[in-house]
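Please go over the structures that come below.
Look at the two complexes coming up: subunit A is in both, with subunit B in one and subunit C in the other.
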Partner chain A sequence: MQIFDEDGQLLLAAAFSIAILVLVSTVLLNSIIFTSNIAAESGSDTMIYKNNNLIQATTNAYQNAYEHDIGLNQTYLSDFESNLKRMYAQEGYLISTRQHDIFTPYFTETGMPGGAGDWIVVKNVKTVKNMVFEIESFDGTDFEVKALDSNNNSIWSISYSYDGSFELDNVDESFDNVDEIGNSTIRLSNGNDPSVHNIVIRNGSQVTGYYLIEGTLDNSVEYHEQRGKMINVTFNINSARHSTSTTIPISLPFNYSNNEA
Partner chain B sequence: MKKLVNDENAVSVSVGYILTFAITALVIVLIMGSFFMLVEQTENRVSYDEYKVYANLISNQISEMDRFIYSIESQGGAVNSMEYEVKLPLTIAGNYYTVELCNSSEEIIFTSQTPTSTQFRTPYSINSNTEIASGIIYVSHKNHYLIYDNETKMIILE
Partner chain C sequence: MKLFFWCNNDEKGQMHTFEAIVAAIIIIGGMLFVVQATALTPLTSSTASVYIETQLQTMGQDTLSALANSKGNRDSDLKQDILNWDGHTYIWSGYTYRSASNSSNELDMDNSSLASAMLQVAVPRGIAHNIEFISLDQNNEMVKKVYIYSGDPSNNAVTISKPIVINESDILEDHIEEFARIAGIENYSDSNYYNTVNVRLTLWRM
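Right, the complex of A and B next:
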């Protein structure tokens, strides 16, 4: 009888090849099954930049509107807003703005009562062409505007005191014209101080009022720092996935007619 | 039929069949076992990678919200409300999972809901006065949002 001992070998070889086939197909399938999960949502979010652009554009519009009409021309502002809505709608954002009351700011860095009361208004000043400070209300602390040189020594200073008058230190020597109007406004022009200095405010968080300072900086660039009244504006931005609502105080230009008593 | 004991051929058909069948069965069982182990290992590794992606996504969004709040507050303004949608898939690598924000250790923790759970932790950073509210969410079909609450100054994941 012939011994057919190749039959078993064929079966074993077939089993092994099936096993290897299963293994290889498992490894292949694994990568297919699990890579379908990895598509995650990515991409940077532009909400911050959109919001900042919106605030900047609206600030400019409000400031322009105020310069022409201190009651804020509502037609101009609503035209502006509807144009802005169209622009942003094309990018998938719904925006709306709402204005609140106009108010008198504090002499803090942000104009709000919680802002820094001691702050630098202008840095590296070479000349002061024109400076106006107008005090609206005073709550009893020593409010000071002064010029500090590079060693933090005071060149000139103006302080407003309890009895409602200005105390000037070296101001008449530093400016060609000094005018006090009433008890609450001081106007100076043509500063003749040669050294480079910073103009700072001290204890501004309990005094409200307006200011304007203009002149030239150390690098011959002109500056106009001013703050008249302020207005709170609420911005709402909605997109498909985000929505924010923020309220920002916008500073309006200084208005000389503020101090017509 | 051939005699089992006194046969001199040394090849018995039935024993041959039994042997080959047994060996084949054993080999198949071993292959299946290693198949499932391989799948689970891959699952863990893929889960880990996926959790890393989503956790970094959430951490980035928290940082964006924080930066936004900080920039608004430094201008003297206030953020009244803010909502960001966080897109999380229902299952990752076939398993349900939870997302936890831990205030005390300042971490985002992803945990899979399987007997052998994988976990991934990543820190987040906040620079402004806001804080993150600790909480766990079980990812479900509804949308998930990172919400800023102005009164408590906290960011909540819901």
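Right, the complex of A and C next:
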């Protein structure tokens, strides 16, 4: 068989060509995998965190701007929103908020009409310093606030019955001061029951009004639970990549002071 | 058998041309590879560093969210850190945070939840951290004050921020002007609203 010099050269050149093709395809595949990984990691987008920050800051601002019987301090809110808009604009976000009407909350867990009517207001209560319940509207279903010990036995309870008056069970014995104002407001202070208990609400979904409970938990931490009014606020956040609109209910404080007791 | 029957002496030129093209591609490819190659250091951006950035981002968000939670009727730890700040920039010295302007001034860990949190989550993992308080002055200009400084961040550093609303009623009445002077956070409003401080945390691998 005749051997040509060019055969070896051609085989070598073909081998180089194949090697280059393999190299190029490997690099391309690597780039594709890298790019897809980058795309996957971009799922950890900070928009949700930004949204939560905005909700938290705005909730704080509305709660601080609200005064019971006076309403929202619009100068406070205007300055707050102006500041927030400028601050977020520096990070490439356009912020706007819109207030809805203030309304009286239901005695549900969320304060909204569709919220859970049977719920625990405070867990592991050691002492109750002050407690106020003010009923605004009532549809006739029995509404009840009660303290339950660890075995779910009632320590004291306050019922608001169909005839529009409070019925107290062991309340006078459990609190130093009990003050009923008209048929719709009850104020209690200096709870003296030593057992650790939960304070629960039953049938809160058909009753609207305000509440405040404050005192000390079993772990010596002070608690302060209250809900005076509520307002829905709509947030719009726009950036180059995203646009979101969220409406959240904000609980406004009762602003009850000890002097009122 | 003549395998490449078409390749006779007259066509050697074509063969050499083909060889030359392949050789050129190899040389150019080699040069491109050398030019594009970069030294791999711990701070070089890569798929792995993107993953680490995501972890740092989550860690920073969780830390700030936890500190921004208020318990009962009390201010959040983050707000207390801002209100208690003495205006000094603190630098990690190996076992504590010391003032950049006065090394004998140590940051009181009991009065700084941010420093305590960094000591627990960032320092043991070798994560460098800068903490800044950013607010607007009365002319709507951005004012940046450095609380903790660990140097200039690397290219794969992550930044997390948390806005904290400060009210006039959060500060003792006769200390409002002093707070503005020391912390460099001005009173933005005539109402009870004082200012919003954006707590900015920058984290990166050392």
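Just so we're on the same page, the second predicted complex is superposed on the first by the 209 of 261 C-alpha atoms of A that agree within 3 Å, B and C clash if a C-alpha of one lies under 4 Å from a C-alpha of the other, contacts with A are read in each partner's own complex, and residues count from 1 in each chain.
The criterion applied here is as follows: a residue touches a chain if its C-beta (ideal position, glycine included) is under 8 Å from a C-beta of that chain, and two chains touch if they have at least 3 such contacts.
Note that the coordinates shown come from a computational prediction; the quantities given were computed from them, not determined experimentally.
In the superposition on chain A, A:Glu222 contacts subunit C only, with no contact to subunit B. Of the two partner chains placed by the overlay, only subunit B lies in contact with A:Thr26; subunit C stays clear of it.
Of the two partner chains, subunit C is the only one touched by A:Thr75; subunit B is not.
Applying the stated contact rule after C-alpha superposition, one finds that A:Ile248 touches subunit B and leaves subunit C untouched. Once the two complexes are overlaid on the shared chain, A:Phe16 sits against subunit B and subunit C alike.
Contact with subunit C, but none with subunit B, is seen for A:Gln90 once the two complexes are overlaid on the shared chain.
Contacts of subunit A with subunit B, set against its contacts with subunit C after fitting on chain A, overlap at residues 1, 4, 7, 16, 23, 34, 37-38, 41, 52. Residues 1, 3-5, 7-8, 11-12, 15-16, 19, 22-23, 26-27, 30, 34, 37-38, 40-42, 45, 47-48, 51-52, 108-112, 114-115, 234, 241-249 of subunit A are the ones touching subunit B in the complex. Per the touch definition, subunit A reaches subunit C in the complex via residues 1-2, 4, 6-7, 9-10, 13, 16-17, 20, 23, 34, 37-38, 41, 44, 46, 49, 52-54, 56-57, 60-61, 64-65, 73, 75-76, 79-80, 83-84, 86-87, 90-91, 214, 221-224. Subunit C contributes residues 1-4, 7, 12, 15, 18-19, 22, 25-26, 29, 47, 50-51, 53-54, 57-58, 61, 65, 68, 71-74, 134, 136, 140, 142, 160-165, 167, 169, 188-193, 195-196, 198 to its touches with subunit A in the complex. The touching residues of subunit B, when paired with subunit A in their complex, are 9, 11, 16, 19-20, 23-24, 27-28, 31, 34-35, 38-39, 42-43, 46, 49-50, 53-54, 57, 61, 64, 67-68, 71-72, 74-85, 87, 89, 92-93.
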